[in-house]
Amino acid sequence: MRALLIGRFQPLHLGHMEVIRRAIGDYELVIGIGSAQKSHTIDNPFTAGERYEMIYRTLKKEGIGAHIIPIADVDYNSVWASHVISLCPPFDAVLSNNPLTIELFSPLKKVLGTEMFSRTEYSGKEIRSRMIEGEDWRSLVPREVSGYIDEIRGIERIRYLARGDEL
Amino acid sequence: MRALLIGRFQPLHLGHMEVIRRAIGDYELVIGIGSAQKSHTIDNPFTAGERYEMIYRTLKKEGIGAHIIPIADVDYNSVWASHVISLCPPFDAVLSNNPLTIELFSPLKKVLGTEMFSRTEYSGKEIRSRMIEGEDWRSLVPREVSGYIDEIRGIERIRYLARGDEL
Amino acid sequence: MRALLIGRFQPLHLGHMEVIRRAIGDYELVIGIGSAQKSHTIDNPFTAGERYEMIYRTLKKEGIGAHIIPIADVDYNSVWASHVISLCPPFDAVLSNNPLTIELFSPLKKVLGTEMFSRTEYSGKEIRSRMIEGEDWRSLVPREVSGYIDEIRGIERIRYLARGDEL
Amino acid sequence: MRALLIGRFQPLHLGHMEVIRRAIGDYELVIGIGSAQKSHTIDNPFTAGERYEMIYRTLKKEGIGAHIIPIADVDYNSVWASHVISLCPPFDAVLSNNPLTIELFSPLKKVLGTEMFSRTEYSGKEIRSRMIEGEDWRSLVPREVSGYIDEIRGIERIRYLARGDEL
Amino acid sequence: MRALLIGRFQPLHLGHMEVIRRAIGDYELVIGIGSAQKSHTIDNPFTAGERYEMIYRTLKKEGIGAHIIPIADVDYNSVWASHVISLCPPFDAVLSNNPLTIELFSPLKKVLGTEMFSRTEYSGKEIRSRMIEGEDWRSLVPREVSGYIDEIRGIERIRYLARGDEL
Amino acid sequence: MRALLIGRFQPLHLGHMEVIRRAIGDYELVIGIGSAQKSHTIDNPFTAGERYEMIYRTLKKEGIGAHIIPIADVDYNSVWASHVISLCPPFDAVLSNNPLTIELFSPLKKVLGTEMFSRTEYSGKEIRSRMIEGEDWRSLVPREVSGYIDEIRGIERIRYLARGDEL
């Protein structure tokens, strides 16, 4: 049975990995990378391709197979679930705790809740804030992710963007 | 003489109805449903089709005829008035108190002010907030609207969305 | 029971009216005006608002009530049915003989075939060609439609556009 | 008095220059580069920036001053004239022989016809076809244009694209 | 070394597989599914998700690993290569015989030609035409592809669409 | 040597002019008007065409020549630099202090810093705020700019919009 798990993965963190590890016993996973067209902002520093690479390397290291699909926003909630279904290989269920995702997929697919990981620490927002402030973020993400972010000089990028200014 | 009245109607409330009732004596109304592509957010919980239904049922109950036209945003103010004109049956004037609407239509159409209803109570924002907080919102909308929102379980939807969370 | 009938209505012709008259006994009709953003081309000479007016005047004359909804293209077939559903008041079935419409709506709505009118004569393409060539087109459309097209000088428009030229 | 002249300029040719030279005595020209987002196809080989450069160099050589404005398509005829007006410095009239341009600008601006140059030879289509077939095209464009096309290896580009193939 | 191979895969055929098999010895492949937003037309019958599934099943059967990335059109050639780079995991080279792809990627990436397979038979166009005409198409695609197309009743879909009609 | 300078110029102010004057000794300037599609909001009161006119009149008065190019947003950072390059005449370098601009152009063009003018006073935001509050803004912009804003009744427009209201 295939299940879709969708997130922005800015960046992939240990909270995501907890959900993935728990799911992988029961499902063949389709991982959707949301807001795929966004990058180079404080809330969305990494491109879809870079986020794909983070997920790919981490899953490979852990011996987990999954389908990873970049999904651009449509900014039209009524058609979003059809849009995701059109881009992903066929799947049977959606794994989500996000109210909007659940609301939009419910008429079309079986929706399954995911047990919550600690949202305070394991949140993309917290991690991006620590990156900017120079606090510890490495302990919140898989080692492959921090290594890849170093490779692409991601910390330099997000700190630089944080100095942003009116154009 | 035909006049355009444009709003988001999230949801249709008694303030809107006051304007409509006052106008209907003088004009054949074209009611434009703005931001038609938006739905399933806290500020725009209902689809254009659902908002059409609210307006249609209420006007029918009151014996008022009107043209109801969904109008998606173009996010390009310079062309917005031409966009609205292209989608609506021909009209002679615009009824509005909204500065942007007035500014954009003035070069192309006659613009007529509407007398203000009480903006504090009769505002979509106030109503949506009461829906989320579990306070009385029913007294601020026509009975057909509250009945229809119950039918589509709209309160459950908006409260659910209000729990929103970073994807 | 409400049924959706979708067409481009460039312009509304007697073939459309035959389908509408036959349907109106059984259904409350939602008439979708497709390719609503198109106008001022040989294949799509009239704006959505002008097409709304043609349909509105003709139905009014015949004493037929219907919901008339302009629907812009999304150019993304996988989400088109959801797009239409979002913009229209709730409906139960789709009336269509168009293979693409049937294919796209089948997973979401009941689809009902319509008996064919004579497609050779009663086709928008034939009528537009006659308009350009100066042949008889008036006998193929309701009198309200030809009257309205005269009012907006539509024949002059389509003939003028037919002289088109590389920009 | 300022007048707008709009074309695709794929490439700028001697027919365009004839119109420009004739107009420049009477008007301060705003030259709109249409379909600005298109490039690298057989019908639209050059980017808006490259077309700007062709026009700029040729006018400079001839001692003609003009405003040159790239204008992307909107694919929505009803709003196109407002779109052009929004992007260009204020102008008083439009110079055009193109029926669609005339039709769309007439409600908003004074439209002036331009005397026709020889359309058979001086057409972008003819010139692009000669570029592909290896026939003489240089005699149909200003010397600055052929020089610039050589500089950017434009002939190589268009011939290469003409070998096009299903992706 | 990673290389990108981009196609529409409507459907995946033996010509594609020949290129993939030859490349897989030298490169880790990123397979881009072009025109990802298109489906349900005669030229683009299958969704990106269905095309992903065809490729995934076939490669799995052959023991080939690859990254498969759906890529929607941007209809703006000047930015297309950047768009593809943004969506795909980092790659070092592009494998292509398509002139437009080569032209657009050359300024940004190393481009490598692919040896031609027989284009007459192994073309998506030929295969789709045979599907519609009821001729043999199965011998031109991998067995997993014909099996999957049967599963989703793809032949019925494309034949049905081929009856298409003016909306 | 040509250099690109990109800003929103809402409106052109003396801080911009300081940068332009300093640059003009060393470079032939291409001035990009960003967010060209925006107008009639508090943050973006003027159309691209109006902003072009402000820049054109001021530079003409000062005897400075420059290429002025309106550039609409693409809302897709990964392709933005390619988009700008496609619309502008060829340039060799980018002049900017904006982190996002620098980050996005660095892989494609030489990027040169600009010495900072006083950001507190000479900021579009400060000027627009003074326009709304009825404080002195004229001393912060070139005389041609304040004259042109008077001509188009710009202060009336921005104050009117500032009264904005939920649609």
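For clarity, chains are labelled A, B, C, D, E and F in written order, and residue numbers in each chain start from 1.
Here is the rule we use: a residue touches a chain if its C-beta (ideal position, glycine included) is under 8 Å from a C-beta of that chain, and two chains touch if they have at least 3 such contacts.
Note that the structure is a prediction, hence the values are computed from the model and not measured.
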Contact-graph distance - origin chain B, target chain D: 1
Other chains in touch with both chain B and chain F: A, D
Chain C and chain F: spacing of chain centres that average the CA atoms, whole Å: 45
Whole-Å separation of chain centres (CA-atom averages), chain A against chain B: 36
Junction residues of chain E - those touching two or more other chains: 37, 39, 47, 76, 78, 85-86
Parts of chain C lying in touch with chain D, wherever the complex brings them together: 37-41, 47, 157, 160-167
Contact set on chain A toward chain C in their complex: 74, 76, 78-79, 81-83, 85-86
Sites on chain B touched by chain F in the complex: 6-8, 34-35, 75-78, 97-104, 119, 123-125
Residue ranges of chain C touching chain B (in the complex, touch as defined): 36-37, 39, 47-50, 52-53, 56, 67-70, 72, 85-90
